[in-house]
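In the two assemblies presented below, chain A is common to both, partnered first by chain B and then by chain C.
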Partner chain A sequence: MKRPITAALAVIGYVIMIVPIIFVVATAFTAGSTLRFPPDGISLRWFDEALGYEPFIEAAISSLELAVLATALALLLGVPVTLAIHRGKLPGKGLVEGLFLSPLIVPELVVGLALFQQLMVGLGLDNFSTLLVGHTALMLPYAVRVTGASLALADPVLEEAARGLGASPLRAFFNVTLPVLRPGIFSAGLLSMVTSVNNVPLSLLLQGRDFRTLPVTMLDYVQQSYDPMVAAASTLILAATVVIAVIAERTVGFAKIFGGINQ
Partner chain B sequence: MEPVPQPVPHKRTPLRKDADISRKSAFLLVPGLVLLVAGFLIPSAAMLFAPPDVPTSKIFARLGEMLTDSYDLEVIGRTVGLALAVTIICVVLGFPIAYWLARSPSRWSGVFLAVAIFPLMLSNVVRTFGWLVILGSKGALGQLLVQLGIVDVAPQLLYTKLAIVLGLTQLFLPLAIISCYSAVAQVDPGLDDASRGLGGSRIRTMWNIVIPLTMPGIVVAATLVFAGSVTAYTTPYLLGGSSQRMLSTQLFNYASTTVDWASASATALIMTVLVFLVSGLSSLIGRKGATS
Partner chain C sequence: MTAAAELIGVTQRFGSFTAVDEIDLAVPSGKLTTLLGPSGCGKTTTLRMIAGYSAPTSGTIRIDGIDSTRTPPEKRNLGMVFQSYALFPHMTVADNVGYGLKLRKVPSAERRSRVMETLELVGLAHLADRKPKKLSGGQQQRVALARAIAIRPKLLLLDEPLSNLDARLRVQMRAEIRRIQAETKLTVILVTHDQDEALEMSDEMVIMNEGRIVQQGSPQQIFPRPADRFVAEFLGYENFLTAADGTPLTIRPEHLRLAEKGQGLDATVVDVAFRGVDLLVSLEVVDPSGATVRLLADVRGGATLTPGSSVTVIAPDDHLVSLPR
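Presenting the complex of A and B:
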């Protein structure tokens, strides 16, 4: 390589990003019962344990439920907002958009504490509803910004033409605007689902006895017992994430969705 | 003679239509706005300034105590210090990677870009867990150091500042790479070639051409990494433990273990102000860069 310094920095960077993930996978296949390295023999026993461990399975189902509902709700609330910002004649559009992006700036842990204190302790809301409100608020910026990006690319003349040709506003929306929005909605949906399922800081204080999310459950487990079961669970999550990445790559391009990079 | 067409009604109709559209689009905002205000803005403001049964003055009293108490100052100092270190490391490692990815048109650069972005989709718990395996008391790095004869007993690596810095760097390096990549990709490679062709060395081209032109992207990268590091919870919790408290783990402790609303609000205020300050500073730099 012609640039030795660049090459050295790049190697260090990739080692820090990737090597810990490789170690997680390697430990998951150990036959021993501690997180020691090198592992004591190879087995699949920890995958069996992880898949049979009730709290993890329940939490995984809860996390998926929450992610699907919060994403759907964020899109239902967010897409009209995008339409109002990009197609309506609103005074102070920039301000409105800024307001809807604001959940991205406030630290999630602070929002989590606010919802715990004000909605759960203050208003007596159950923890699932509070989680749903919090996750929806957090996903709203994605719904507004990502669908907005695909709406900005479309020519509003198309919708005006549909209206001019006698289509009702609803028909014009479903037949002209929605197809234009579809890639944006797909990207926003995928981004929100992944963000919601992985979230720790917002969900941390909103855990209940009946409804717990997966990453927080795993975090609690790691703190209590130091065995390779979490490595096996992590490897399964890694595999699922790879599948999602491949789907994202085949459809919209995952550098575009997750990195905001247009290639 | 043909009568002159009356322009008056035509002038009025679009106006009424405008007002109509404006009212309709305002209506589209309402459901989202309700959730945003009731589920985010009001609770956040109420938590920061008026928690249940706590007068606002007590929060500011607690804030004053924290900014003078040596233990609290240590936590704040550690948070800011580690976040700064992680920011510098992420920019120093992330920029060259981004430059290399954006400027080498091989098919491998696509694969390496994907490998750099993929961790963003992966759970932080999974990513951070890897460091427990590497840095733990029976972990790979300690064992390696012992086997190489560098040390007799595996050193304490977990629950140190080093562990937190490594964990946060792993977490935020992809963000730094992406921000720098977008910036580098926007700079015409012809400028690099021109500078080199005119006799500029590689290092001079980098310092005088590429880095000034990509500065806005670098500032965005630094802001994202700093704000992320100040607010991250999983990494300081798993890799720092109670011996290396940061603002986030401290906040959780006040909110959950001791249920001290005044201290929790004061800590949340410090954290929020830090993030707002850095975001504001960064957009100020960005605006200055755009006008000059």
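Presenting the complex of A and C:
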């Protein structure tokens, strides 16, 4: 009997993932002043506090800035690479694809340390530029994977058809291939942003006095004061992530994003 | 007879594989020409070279008398219908059909009227604002045709256009494509592996095998006189025997007659398959050269035929085709 075991594992998995989140969300709504479960009454005061706490707001803006820039860079690099991998006559396609997917596997601490040594110490780059490089590298797998998934759905004959009707190769790409890829590029962008904003290891290793991302600032805060404001901030981030995930699912679908390219 | 397209000594190699082997072909203007052959015979490669999607390894391709061997597809002004239709999924039917006109900078009012006119021709004017995904296979096929015709191409190229349709629709579309060809007077080149389709639709048939053209002519010329054993087999000649002087002969099953006694070849019935209107009789025959061969006779009636019974097979001279040795 395989089914009851599978079902039990699934339930355990959900419990392990969801229960801690429920605790965080519940404590965010407390009226009391300590992180405790069950919460002492219900209020929105900690959301108010979190949204009024300047270091958080400043760090949130920094995080978004970094996420938007890194995502743009990752797409600018990743989309042409994906096209080359799937459509071009690139020698060693598999190797190139592996290279662009490798940030998923290489431990971020190692990447972070390497970037710190080479870019910050070696080249003297400021911590924002170094973080931008790190986050861009981290986003590349999403750009390559997600646009690859939607490219696999686009019939390569479409471009030939456009050319037969009188379009130059460039024109055929912009009129036909790019519109077919647009949902994929869009959700790759969303996923990259989420990954960047939520990233801790790289952001922690490469932080500086004048540039810090939100998770790092929150971590700092928790080390000093243990109050429900962090739970409120986390809940806000969670809500934003869920909204973005739903949009990504609606436009391309997780199965295609995380499944094999040739599915 | 003027040639709308001309291939002179055209060869296409992919690595060590020769897909098309030095073919010469003149496609008559204003007619429907089919390239017929089994898969891998080079017919689609030939069409793609005419369309400009792949450049020949050697040889010359002339379109309307102009050397177009190295002209990119967008400069050839040919209409192509792909096997998968390749409709642009993000555009409506009307935008698909109008795409080529837009590229040609046809003003939008004129474009709209030409799109509707073309959709009218294929009977889809009422679906102009739909997306391709919402259409049936047959309708998508018609949109692909309309899109190719709308640019008023020099040639209309159809790559196995009917192979993705179900059997009944396929037969309907044969007549439909013929009608459109007659109305537009376009020169059409159609690639197919279906001999019935080719016989029914063609003005001119070009039969290919292993990268070469093995026979060319009208269906009326080719069908009764296959040039060699390959063409004969491909066109449904099932029976091959040898004359007393050693000449290979072939005859279609429906042309063999069976008699109880008489002038003919002695045969033994091996198997009888009842097919409703007719019977398919499998026979063991000693042919004029003395060899024992299996023949198939497609006959009407003959209730007394049972496996093991002896009959005489009559192969009328006017239906016997001699093949090269």
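In this section, the second predicted complex is superposed on the first by the 229 of 263 C-alpha atoms of A that agree within 3 Å, B and C clash if a C-alpha of one lies under 4 Å from a C-alpha of the other, contacts with A are read in each partner's own complex, and residues count from 1 in each chain.
As a convention for this text, a contact is a pair of C-beta atoms (placed from the backbone, for glycine too) under 8 Å apart; a residue touches a chain by one contact, two chains touch by 3 or more.
Source: prediction; values computed, not measured.
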| item | value |
| --- | --- |
| Touching partner for A:Pro215 - first (chain B), second (chain C), both, neither | first |
| Touching partner for A:Leu64 - first (chain B), second (chain C), both, neither | neither |
| Partner chain in contact with A:Leu77 - chain B first, chain C second, else both or neither | first |
| First (chain B), second (chain C), both or neither touched by A:Thr6 | first |
| First (chain B), second (chain C), both or neither touched by A:Lys89 | first |
| Which of chain B and chain C A:Ala162 touches, first, second, both or neither | second |
| Partner chain(s) touched by A:Glu108 [first = chain B, second = chain C, both, neither] | first |
| Which partner, chain B or chain C, touches more chain A residues | B |
| Partner chain(s) touched by A:Gln118 [first = chain B, second = chain C, both, neither] | first |
| List of chain C residues in touch with chain A within their complex | 51-53, 72-74, 76-80, 82, 84, 86-90, 99-100, 103-104, 147-148, 151 |
| Sites on chain A touched by chain B in the complex | 3, 5-6, 9-10, 12-14, 16-24, 26-27, 34-38, 73, 76-78, 80-81, 83-84, 87-91, 96, 99-100, 102-103, 105-111, 113-119, 121-122, 133-134, 136-137, 140, 144, 194, 197-198, 200-201, 204-205, 215, 218-219, 222-223, 226, 230-231, 234, 237-238, 241-242, 244-245, 249, 254-255, 258-261 |
| Chain B residues touching chain A - in the complex, by the definition given at the top | 18, 21-22, 24-26, 28-29, 31-33, 35-36, 38-44, 46-48, 51-52, 92-94, 96-97, 99-100, 112-134, 136, 138-140, 143, 166, 169-170, 173-174, 177-178, 181-182, 185, 202, 230-234, 237-238, 248, 251-252, 255-256, 261, 264, 268, 271-272, 275-276, 279 |
| Chain A residues within the chain C interface of the complex | 155, 157-158, 160-168, 171, 175-176, 179-180 |
